[in-house]
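Each of the next two complexes has chain A plus one more chain, namely chain B in the first and chain C in the second.
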Partner chain A sequence: MSRFGTLPRRLIHLVIILFGITLVTFFLLRLIPGDPALAILGSSYTHQRATAIDASLGLNKPIWTQYGLFMGHLFHGNLGYSYFYSESATTVISQHLAPTVFLVIYSAVLAAVISLPLGFISGVRRGGIVDQSTRVFFTISFAMPAFWLGIILLLVFSVHLNVFPLSGFGAGIAGHLYYLFLPALTIALGFSTVLIRSLRAATISTLQAEFVDTARMKGIAYSKVLRRHVFRVAVLAVVAVYGVNLAYLISGTVLVENVFSLPGLGQLLVNSVSNRDYPVVQAVALLFAVMIVLINLLTDITQASLDPRVGQEIGE
Partner chain B sequence: MNQARPAAAAGGSGGSPPGRQSGGSPPRGTWTLHPSEALLKVAERTAKRSRSTGRRRLVLIIGLAMLGVAILAIVGAPLLVAVSPIKIDVLHPLSPPLAGGHLLGTDQFGRDVLSRILYGGRIDLAIAFGATSVTLVFGTIVGLVAGYFGGWVDNLLMRIVDLFFAFPFLVLIIAIIAMLGPSIFNMFVAIWITSWVSYARIMRAQTIVAKKQQYVLAARALGYSRLRVMFRHIMPNTVSAVIVFSMVDAIGNIILAASLGFLGLGAQPPSPEWGTMISDGQNYILSSWWIATLPGLAIVFVGVAFSLIGDGLADILRPGDR
Partner chain C sequence: MLRAHGLRTLSLGLIAITLSAVGCSSSSSGPSSGSGPAAGSSTLVIANAVRVDTLDPEANSVNESIWMDQNLYSRLLQPNATGTALVPDLATSWNVAPDGLTYTFHLRDAKFSNGSPLTASDVVFSIDRSRKYSGGWGFLLTAVKSITAPNAHTVVFTLSEKHAPLLADLAMYAYSIVPQKLVTAQGKAFFQHPVGSGPFSVTSYKPDSEIDLARNPNFYGTKPKIAKVKYMIVPDDNTRVLMLESKKADIIENPPGNLTSQIDKTPGLHVNLFPSTRVDFIQMDEHFAPFKKQLVREAVNYAINRQAIVKLAYQGDAVPGASFMPYHMEFYDNSISPYPYDPAKAKKLLAQAGYPHGFKAFMITVSGDVAGQAEAVVVKSELAQVGINLSIQSYELLTAYSKEDGGHSEFGERYWTNDIIDPDEVATFGADCKGGANAFNSYWCSTQATKLVGEARSELNNSARQNLYNQIQQIIYSQSPFIVTDYSPYRYGVGSWVKGFHVTPLGNYDLSLENLTVAQH
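Now for the complex of A and B:
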């Protein structure tokens, strides 16, 4: 079996999943009970407008033709037309993309910075002070809604201590880093819970492996064993968790953007729901799903290239 | 796993010491891990485990007690607070906790915050139990079928599961609610549609392992029907994993209900709900901190209760795991 083991099979799965994603997002619009044109127009309903919307959504054609059209548009980068912004959904989305992408990357990095030391130390010094206090803290933070945590952080750091701005996106990289610190921290804390727990578990089980005792009996200093033998193996086990849970992180951005009034995709999604701008909702869902699938693929590849055993494990 | 360890350590003590300490008995301390220390480590591990088992049972009891208190307070809300959660009092808006007969103060319309928290909890706990139990049962059955039958059934079901996992959970739920229209019932529907998939995945993995074990082979050799093997033999032995997970999922669903309420896509005003209360309170956070913070504490309280129950159950149902 090659180094990348089951990667070809994963790619075939990827194509199937992408196809499925388009099906799901296509049929999302079909969930609207009754007349979509009425739902979109609301009180400004007129017969002409309704026919125009039916035509632009292709609702007057048979359903498989509609799906064909949808796919055709998709391949040309056309995600539909926003009735609220009177622009193509692609344009609207590209205007809201930057804050979200920045926030996702920022909080992913922040989460790694928080969790790697805490998770590893908790695993090595099991029952020690770091382990106990992180466990208490993160049991509580696991039960905290991200948006509430965001409000509390705002209250403490922006209102009372006046260290960070209340809202806004800032200018330039340094500005973004400063303005987005609290939002990113909010997301990162939620994300860290999972990471710390799994890194702790991975560290504990790695410590019990025979090769650790062998290394120590060979006379290698304990700190070196931890660094070179235990940490590397334990972190490998967490790579998969990290990748898979980025989906969770993206859900977090939707909420946090609304708390901190960031003009990102999450805010666009929620605003589009209340504006009944269904094509935009559909397009954002599609975009997020494709992002997740690509992140998962990247995780698989990273893992397979870091750890040759992985390819075989996935394929059984 | 643990049984194998003393043997390995004893083997080490019987063997010759490492080469660099040639001649004489090795002075204690030049070993980074002396064989006797290795034995001691094993003994300590075992002792720690039995001690922590007792502590975890305590954890379960504390969790159940916290949840019990929350349920009693929410069900018995009419007995505990005299004020209706939607009664508007224009004369006393934003009055701080402990002032004017309102234990936890009032919100911008002068509505009693304590009363709103207690009544609002009904929606959040209904989601925790109602949404979670349906997805637990459905997902478990799907996972059991996929794992037991294998082949194309498994392939088809798992591709559907993968498909749901491809969407960020919250985004998919928001999209579904967007199409159906925001309401509490549609919130249930959106969760039912989407969150059975985790259970299916966990249960499938458990079933595949169980399928190869002797008790299942024995049951099949006795000629029991597939249904009987699946539900009477495999399920009782594997269901603990999904039950433990359902506690985590219940927290997730409470937070989800609150999040949707916060975004204005769940419970609609004036009906009280923790997320909508936090959203209301955010506008008054500079002057009246209690409106937004206190409902959040209610969520944390219930969430920690479920979390402790989950931890305790994990130890009792799967003793070999920790």
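Now for the complex of A and C:
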């Protein structure tokens, strides 16, 4: 159990982080000029009409009372009621959750599929043709902003070659895999660069380790040494990078969802901020925080289970 | 009505270059062979930029949702295609009592899409419901004392004072007719799968991605020629253009200005412009000392080159602004012409006002609003010529609005759109000190204009009303509390295989969908 000794402490962190997030999002949101009434009324805004809306939304109460109410509801699992969707924030989020979660997992898998072989080969055959071409290709794709890369992929694959749909989420697992391929690829291409570079570096340094020489001297086949000894050690270094970037990836879906017209959490968040839909913004921010903390936790657990050294100094 | 600007315009500049580059290379290799709607299909695909906020007419605030709703519900009356008169919808005729305080509407035999009859009590219920909705449009109907249904085909409005815009108010989307029984029984849930009496009804409702409509077999009027309408929500401007180019959409709303010429060059595609009620203007907040002086405000009016704004911000597709009322709408004063561009005169006026060397000021713009940013650059360079040193401050939409509304602004880019064809709404917001909007938040106040707005509201004789509205427009023009820059149109990208698409100045196109055809493509 000692390898997972940090787990209880991390769970306590989770609670503290979530409390902090409620404070920050609640008060920051209300510091931004403009309010829901303005969003609803637009150019036909008058003070009188705004007051009526504020009263109906409970925004005329003192801010601390509002925060108290929000926290009170939160402890009962109630995230509030969206001003714009006329539904509870939980319902609104559950309607937008699937595309984003699917997209994040899909692009994470795609990124792994792309980068593990390429990164490893680049490290083993340093300076070879795979190494050189991978470096050039992924440096360029990394430098392209997601909205740009997305449009280019759409232009090539959806408009000219007409093999992928232009927008939407599709139906059923197969439909999602088909519809989300281009958006997932857009994210995965950017994500892969980091993974390839770190796997390549880890492979190179592992190749120079003494245990590799030992293994080879014992007469084990080179391919087996690479597989059993080098790859397994090198990939450990990538797990941490993978976890950290996966957390970033969640926030990166916003732009991609926009380009590919995916009704996901990213779009929901942007629209809700623009509309000052406070309950939804708070709920999405909380959800993102939970997801990021959980991913970090999973990364640590994965590392601990792959590497007996992780966590021992704290656990014992 | 609110139009949301957002992230979607962020990447326009960059993308335009690539699109046109790749677009050119492809057009030589043959037309794109889209696998859009099947040949001869009678489905119309419209790509909108903004998600549907609700299908509940009392709570609608997003333009695109409002325009879609009008295909689902009927009202007592509706605006005609040019937005200059009212034509029957559910009411086939109406009488106004000589004292102007009683309106009687006679309803046609109509049914909801589920086959149940639409009666006068549905009308009373719907209008009462909408006018009592907090923050809604009840303020338009404050003169209405009671609405009654003496029989199934008659609705009577009793007023406490004369109210000339009543018919126009009732033609507004908020006063759409919904079935009393179902709404009472289901509450808000009704609007997830609403039942109306318009030409179409909803078959599938995913407000963030796709809404499907089908021809309503129980519609009282001529049945639409197309069987289905599919609305796709595509927030990214460039993706919408790609959908049109690959024929996966038949109509796209609001193609970005920098791509309109590219769309027009593509065989079979056009950007259609429809006159709107939009009035673009620049606010001059009188809390800022120089703007208290009429001479300064006039000077700014002379210093602005409207032709340059139209050309650079709207690619020549707008009309230079004159009166503050929407262009060529009811009671628009044709005799007013735009302020001429005359920097020398502007300098002279500034000197007379005590600012011979001009002054420093800021102007609030909305970030992501491409046309607005272009306009700001033009205005900055023109004001610099008369000594006004302008700094441009860009904010996110609601932040900008809240600064402009709150009396903490100096210059601010704003616009107005009508919700009714009657000018009472724009006059109340733009010229009436007691209207609640402080004359488009300029905090300018004219007791004369305020009095005239009230008189025009209760004047039932059209030529007398025209006279009153002309006076109001003249006052605004001469005292220039804000700078009317231009009237910009609605922009739609339309495939040539679509025949008969027309948008009224209020933005609705439900009448055109009744006759529109989609040819093989």
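Throughout what follows, the second predicted complex is superposed on the first by the 261 of 316 C-alpha atoms of A that agree within 3 Å, B and C clash if a C-alpha of one lies under 4 Å from a C-alpha of the other, contacts with A are read in each partner's own complex, and residues count from 1 in each chain.
Quick note on the criterion: a residue touches a chain if its C-beta (ideal position, glycine included) is under 8 Å from a C-beta of that chain, and two chains touch if they have at least 3 such contacts.
Only a predicted model underlies this, so the values are computations on that prediction, with no experimental measurement involved.
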Task: Partner chain in contact with A:Ser56 - chain B first, chain C second, else both or neither - done: second
Task: First, second, both or neither for A:Ile129, with chain B first and chain C second - done: neither
Open item on the list: Per the contact definition in the header, classify A:Leu294: touching chain B only (first), chain C only (second), both, or neither.
Closed with: neither
- [ ] Could you say whether A:Leu38 touches chain B, chain C, both of them, or neither, answering first, second, both or neither?
- [x] second
Open item on the list: Taking the superposition on A as described, I'd like to know which of chain B and chain C A:Leu177 touches: first, second, both or neither.
Closed with: neither
Open item on the list: Under the stated touch criterion, which partner chain does A:Val159 make contact with: chain B (first), chain C (second), both, or neither?
Closed with: both
Open item on the list: Tell me the contact category for A:Ile151 with respect to chain B and chain C: first, second, both or neither.
Closed with: both
Task: Which of chain B and chain C A:Val109 touches, first, second, both or neither - done: neither
Open item on the list: Applying the document's definition of touch, where does A:Asn258 land relative to chain B and chain C: first, second, both, or neither?
Closed with: both
Task: Footprint overlap on chain A, comparing chain B with chain C - done: 32-33, 39, 145, 147-148, 151-152, 154-155, 159, 254-255, 258-259, 270, 274
Open item on the list: For a test of understanding, state which residues of chain C touch chain A in their complex under the given definition.
Closed with: 1-4, 6-8, 10-11, 14-15, 18-19, 22, 26, 32-35, 51, 53-54, 56, 59, 61, 134-135, 139, 188, 191, 206-210, 232-236, 238-239, 242-243, 245-246, 248, 395-399, 401-403, 405, 414-417, 419, 425, 429, 435-437
- [ ] Under the touch definition given earlier, write down the residues of chain A that touch chain C in their complex.
- [x] 32-35, 37-50, 52-53, 55-56, 84-86, 95-96, 145, 147-148, 151-152, 154-155, 158-160, 162, 166-169, 254-255, 258-263, 267-268, 270-271, 274-276
Open item on the list: Considering only the defined contacts, which chain B positions touch chain A in the complex?
Closed with: 1, 5, 8-9, 12, 18, 20, 30-33, 38, 48, 159-160, 162-163, 165-172, 174-182, 251, 255, 258-259, 262-265, 275, 278, 281-282, 285-286, 289, 292-293, 296, 299-304, 306-308
Task: Touching residues (chain side chain A, partner chain B) in the complex - done: 13, 16-17, 20-21, 24-25, 28-29, 31-33, 39, 127, 139-140, 142-148, 151-152, 154-155, 159, 208, 210, 213, 216-222, 225, 247-248, 250-251, 254-255, 258-259, 269-270, 272-274, 278, 281-282, 284-285, 288-289, 292-293, 296
